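Accompanying notes for the structure given below.
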Amino acid sequence: MARFFKKREANRGQSPGALIFIGEQKVETVQCHLISYNNLDLKEIPLNPASIKMEVQQCGSEQITWLNVNGLHDIDIIRDIGHLFDIHPLVLEDILNTGQRPKLEEFDNFFFIVMKMVRFDKEKQMIVNEQLSMIVGGGFLLSFQERPGDVFEPVRERIRKHKGRIRNSGSDYLSYAMMDSVVDNYIYIVERLGEKIEDLEEEILAGPNSGVMEKINIFKRELNYLRKSIRPAREAIAQISRLDNDLIHEQSIPFFKDLTDLVTHVTEAIDTYQDLLTDQLNIYNSVVGNRLNDIMKVLTVFSAIFIPLTFIAGIYGTNFDYLPELHYKYSYFILWGVMLVIAGLLVMFFKRKGWF
Amino acid sequence: MARFFKKREANRGQSPGALIFIGEQKVETVQCHLISYNNLDLKEIPLNPASIKMEVQQCGSEQITWLNVNGLHDIDIIRDIGHLFDIHPLVLEDILNTGQRPKLEEFDNFFFIVMKMVRFDKEKQMIVNEQLSMIVGGGFLLSFQERPGDVFEPVRERIRKHKGRIRNSGSDYLSYAMMDSVVDNYIYIVERLGEKIEDLEEEILAGPNSGVMEKINIFKRELNYLRKSIRPAREAIAQISRLDNDLIHEQSIPFFKDLTDLVTHVTEAIDTYQDLLTDQLNIYNSVVGNRLNDIMKVLTVFSAIFIPLTFIAGIYGTNFDYLPELHYKYSYFILWGVMLVIAGLLVMFFKRKGWF
Amino acid sequence: MARFFKKREANRGQSPGALIFIGEQKVETVQCHLISYNNLDLKEIPLNPASIKMEVQQCGSEQITWLNVNGLHDIDIIRDIGHLFDIHPLVLEDILNTGQRPKLEEFDNFFFIVMKMVRFDKEKQMIVNEQLSMIVGGGFLLSFQERPGDVFEPVRERIRKHKGRIRNSGSDYLSYAMMDSVVDNYIYIVERLGEKIEDLEEEILAGPNSGVMEKINIFKRELNYLRKSIRPAREAIAQISRLDNDLIHEQSIPFFKDLTDLVTHVTEAIDTYQDLLTDQLNIYNSVVGNRLNDIMKVLTVFSAIFIPLTFIAGIYGTNFDYLPELHYKYSYFILWGVMLVIAGLLVMFFKRKGWF
Amino acid sequence: MARFFKKREANRGQSPGALIFIGEQKVETVQCHLISYNNLDLKEIPLNPASIKMEVQQCGSEQITWLNVNGLHDIDIIRDIGHLFDIHPLVLEDILNTGQRPKLEEFDNFFFIVMKMVRFDKEKQMIVNEQLSMIVGGGFLLSFQERPGDVFEPVRERIRKHKGRIRNSGSDYLSYAMMDSVVDNYIYIVERLGEKIEDLEEEILAGPNSGVMEKINIFKRELNYLRKSIRPAREAIAQISRLDNDLIHEQSIPFFKDLTDLVTHVTEAIDTYQDLLTDQLNIYNSVVGNRLNDIMKVLTVFSAIFIPLTFIAGIYGTNFDYLPELHYKYSYFILWGVMLVIAGLLVMFFKRKGWF
Amino acid sequence: MARFFKKREANRGQSPGALIFIGEQKVETVQCHLISYNNLDLKEIPLNPASIKMEVQQCGSEQITWLNVNGLHDIDIIRDIGHLFDIHPLVLEDILNTGQRPKLEEFDNFFFIVMKMVRFDKEKQMIVNEQLSMIVGGGFLLSFQERPGDVFEPVRERIRKHKGRIRNSGSDYLSYAMMDSVVDNYIYIVERLGEKIEDLEEEILAGPNSGVMEKINIFKRELNYLRKSIRPAREAIAQISRLDNDLIHEQSIPFFKDLTDLVTHVTEAIDTYQDLLTDQLNIYNSVVGNRLNDIMKVLTVFSAIFIPLTFIAGIYGTNFDYLPELHYKYSYFILWGVMLVIAGLLVMFFKRKGWF
């Protein structure tokens, strides 16, 4: 089961820009949702895909139009939206390919950004990601998700309640607010994973047990998965704050810089936790090695002391007719004496070696 | 058998630009194939090497002429094509040297790109590569392969069926379409290998068995081989989108950028899988270490308990004439009692150490 | 318990620039302290948060006003100060977020710098950090700490006693003096940790003991924590000396360069100590491996010599009616002879293997 | 014996540019050889060192004069040549110091390049290198080697037979042809070593044996040595193709670029082989660990089954007067029954653990 | 004992530029030495610190004045020299701080360079370093050392004897000559350490012994120490050759480039030796693992063969009244036969496993 690299066999041999959905279908029917707002007005409607064109054209040109699409398996809808907003076919291809690497691309009339939303899937007991593609143009923002449910409810709430500066700002600020939500969620996920990793330390020093090792393994894999999902986004977000583009307003720059900072923080935390895990595995191996030494010392001390003594007893257990020592009066007591001396010498020898 | 570095002993001491075929001959006779097209017309013919010059000269100058050559062992053919299209001898030398590193080179009248096509060879049970050299000039594209069979059939099909933009574009777009097919195939190969690597994880935690280790070894080696074949191509493709050259049309740039993106994705996936394998080997070693500890605990517990008891039994198996305990009535039962106490103490000792 | 990555769940879904305190409250009530000085005058007063505005406005515009705030849980105070000095809301958000990564940010009217003060917490037996945020404007410096107690007393003393150039310099030099104190403290902490790490070496070669391993583990973790706290500060400080900004006077540049140098020195020392610890763990593992070999040699030599001899004795301990050797006169002595020869040969064998 | 870093104690405290031979003398007497050629004429003579000046001055200024010197111990010859061609004393010092790192240096009237020629020394069973220093000026090329015998015979042959473009080109092309021969030889050496490394794989999986490990060690060391000899040359050669210098003709640039490519290929192959060896050592260690587990399982199974049984037999081998079981009729058969049950249970226990 | 990071507790809380000696006092009284020269004249006198000012002012302005100071504990002398030559207080602070990182700093009237001189201390059996600070101005050079004794005697000798170009050059060339001596000494030290490291290889393959491991440990530590002392100097020296500064004459540039080259060579050699040591430790660990396998094979073979046989003998050593086999005539011989068969089978089993 390939989790780190999405199957895109369907794409082989296709002409570039061919619209082919790559991923698993995660929603029954495509759901569209439109918010159109400016400082004064607000319109919010769930859309029938068939009426997208009509509804969008009714939005005033002074307004910010945010069209969100959940579900990517219906290629016709994607193609229609593409025509409506004049989107390059390669962009549409990338939207449909959910194994896309996070990135930023600049076009004449919009910029295009791909990120991964991550969440912990309780059923599979692993982190899963969902691709978020955003097209940010002058006065509009198109967002595409693989399934319903996202981290943008607080953003919608701020739009509805006219909170903060969002209603007074452009589509660039809206895209910032959305990416900020995504990154906040990265932080939340890394935090929770990190806490578990830091707690592992005690368990490791408590001694070898295969549960610890399995946890280290799982955490390493999940961190790898997170890094793969998150790290390329840093570069993409940093690029936005350096875009020399009318779409990005002067007063939005500090926000994008702040976001760059945040995502840098997350990726550094991931690196730190990976280093911690590597250290923990090394320590764990040393603990196992130490423990083996302890075990072998016990075995060796027992064996080395009793094996010679047993040999001596064996000698006097033989049934030779002529075995003179058997008939001396004090032989038995001498035997014990000799054995105690031998044992004592061996104990001293092992003590001196520090094996006790 | 050198797979990572092709034998080129024949080349030692040769004058630069000397045309010497380096590699193994993989086809009986050289096969040539010509497609010549523009928006309106299309001509496609398998060529007799002898008639290359004539056929090529008959192609209209308004047309894109794609000449493909399968098989590199006939140096005369290569030299003739070189003269016909005015190709620098160093380029011809590189085409013939199938151990060439992927790269881009820019000349006055064309650019030259070398890539590796990879496929899984079922017989050898390993990934093999085949060198693809392309010379992209104004209105013509020359491609050279080591053997028949390639990943370009879908491209030819699109040309034939006038699908997508290929018939309306130049030789640069044709080269893009071909490289895109090659990269799509990289993705396919890495995907399949990756799936197997991700599946390995369970097997590893199930316990040490030398099959796992051999698989890790094989996967590492195949990833190394893929990386060696693919990574330099990233740089080469990225360079194309930055070429300041009339051969690359403005509207082709996004396609080359998209391709750069794709090949970056592949090389990152290879790196990720190599990290996974390294982690897996470490985990495997820890599993082996744990298992050894378990084995030694069993051995030590058994030995440490029974060796002293056997010694005591040995003592009373001696045949001394004067061994008073032998004659007491309850000696035998006292012996059992003492032995049980000793065993009990040792069991407690090992329990406290956590060895059960 | 997440130490490497601060919980900021409260921040999820908040509008950017929302003022939310992230961290644990470490002081009962917020404490403010104001020093206002120039070459001639000096005013120093502990402030009631309520009277900050009034007191600050009374400070002459020719003076450097340093307002220090201990405790961040009272958001109103932070917001009021923000309004008073015209601070961007993202900066206030960062001040309140004590999990902030060290960084420099430049604004029109000030620059903003975040650093971590570190100290060894004797109770927790670990290094803890405290966030220091500084806003350096023309004629004023605002500093924010999580709790009372800092490393700036010597700086205040120099201001009070008119020592050095501080009273003749601007807010940039004041910020330098403060950061220099912070960095001096980094050096002190790394020094103390480094001394312990260097002392570990002897203990390691003395032989395996789990205390050593635990120490290596702790030192690695603490160094990781230090690096995470300190390294980003290097970049931030280096940026200051390159700022093309009226706030930084020409004659302050050498001081900031010197400081960059110092913090580079600290981070290199951290790297060196991490390398030392990695080497030490490797050596430790080798020592453990060597020790295991020694133990097993002892076990093997004892077992291999006495087990065959015991077997022979066992043979002659059997009670067969017809066992001819038992009745020969010299059997017993021959037995000893044979045993000595066998033992001697085995000893020679092991000697030749170098196991003694 | 320092092979990785040449002794240059003699140079300590010397004034810079002091001419001191560092290395071992590898030839009895210094041998000089002069070729002077242009498109039309060719003169080739072995030279008496004493007549260098005279012979060189007789060469026409339209000709390319290639003076090769084998043997560096006679400092006077080097100094005389230096004066004759106006060479900077630091260059002469570097020529004499055979522990020189490969590099390029540009001067007003020439460029100076140092490379290492490598060959496998059958006697020492290791790769050895020989320093090649070249001074390439307008119309002349001086080459200095440590001993007779080199890889340039094919170059001389091409000059003599007027093959390729060499007779029509300048000293830059001659230097290229010579470096190309050196690099061809790198390829040959790396190829042969690489073949052996790739063959090692099977041997490793066949099981632990110290010969494998010694080979890994030797190959690692030889690769290190090659890397040290070759890698700096890549940078040096790449620099040539970027030199903005009249000495390098426009039409030579592609040749130097091709060479850069080739030497990059070699250094990457070295890196790949080093990675392979590291992987192989890791696999080898895992094989050894697996094998140890197997061994210990056998020991433990044998010991854990027979030690308790031997103990029971020992009990009934004691000579107590009152040992009731000895006198029951079926005791002996019950004993066997009990022993078989115990053995059976243990076998089941070990089977369940998967130790068979 | 902190060797890798010098104690500078005294500096905490001091005002920047405060002159505080950090290090251990290594000389009783400060020694000064003045050489003043030009092409024609030379004056050389040991100086009383009290008369520095007078003597320096008597030196002609056409002369190069080299003032060397041994011993840094007398802060007044350093301060006086600082005033005399107009040196920035931060530079004086750095001179006194002997834990300074090697670096270059450019000021208006001079450049300042810090390096470490290294030597092997026979008493402590470790490499120690001594800080060398140099201030190079127009016509003067100030050098500061921690103790008497240095590597500059050959430089002084060249000045006295008018050897080489030193008497005809400026203070820049003098500083070059001094740094060249320091670097020559690095080479000498690395050479000697490297020789020992290369010799270690044989010892390692000879088999595990704790002396080898201790040596690897020591060499690693000493190389770390050297790297820490030397590596930053590379950057500093390379910077000099790029300085756009009247203090550096055109004709000195090749010398500084040559020196950069040399110090690059040294740092690369250090890296190579560190790689060698890491490889050696890995090989050593594999040797230890192999050896353990050998030991365990011997133990297992002996145990697995004799333990079952001893058990059988034990059976017939029991004293049961009814034990039929005891009374058969050929029992004893059958016993031997059975035992030999068992032993034979086990030997075959182990042979097939390849344990012999």
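We just call them A, B, C, D and E in the order they show up, numbering each chain from 1.
Going forward, a contact is a pair of C-beta atoms (placed from the backbone, for glycine too) under 8 Å apart; a residue touches a chain by one contact, two chains touch by 3 or more.
It should be emphasised that the depicted structure is a prediction, and the values quoted were computed from it without experimental measurement.
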{"item": "Shared chain contacts [subunit B and subunit C, defined touch]", "value": "A"}
{"item": "Length of the shortest touching-chain route, subunit A through to subunit D", "value": "2"}
{"item": "Same or different residue numbers at the subunit A/subunit B copy interface, by half rule", "value": "different"}
{"item": "Cα-centroid distance, subunit A relative to subunit E, in whole angstrom", "value": "41"}
{"item": "Distance from the mean Cα position of subunit E to that of subunit C, given in whole angstrom", "value": "25"}
{"item": "Of all residues in subunit D, the ones touching two or more other chains", "value": "285, 289, 292, 296, 299, 303, 307, 310, 314, 317-319, 323"}
{"item": "Touch-based graph of the chains, sorted into line, ring, star, complete or other", "value": "ring"}
{"item": "Chain order, ring traversed from subunit A with subunit C following", "value": "A, C, E, D, B"}
{"item": "Residues on subunit E engaged by subunit D in the complex (per definition of touch)", "value": "151, 153-154, 158, 163-164, 166, 176-177, 180-181, 184-185, 187-188, 190-191, 194-195, 198-199, 201, 205, 254-255, 257-258, 261, 264-265, 268-269, 272-273, 275-276, 279, 282-283, 285-287, 289-290, 292-293, 296-297, 299-300, 303-304, 307-308, 310-311, 314-315, 317-324, 353-355"}
{"item": "Subunit D partner contacts - residues on subunit B that touch it in the complex", "value": "1-5, 7-9, 11-18, 88, 90, 93-94, 99-101, 103, 105, 107, 207-208, 210, 213-214, 216-217, 220-221, 224, 228, 232, 281, 284-285, 288-289, 291-292, 294-296, 298-299, 302-303, 306-307, 309-310, 313-314, 316-319, 323, 325-327, 329-332, 335"}
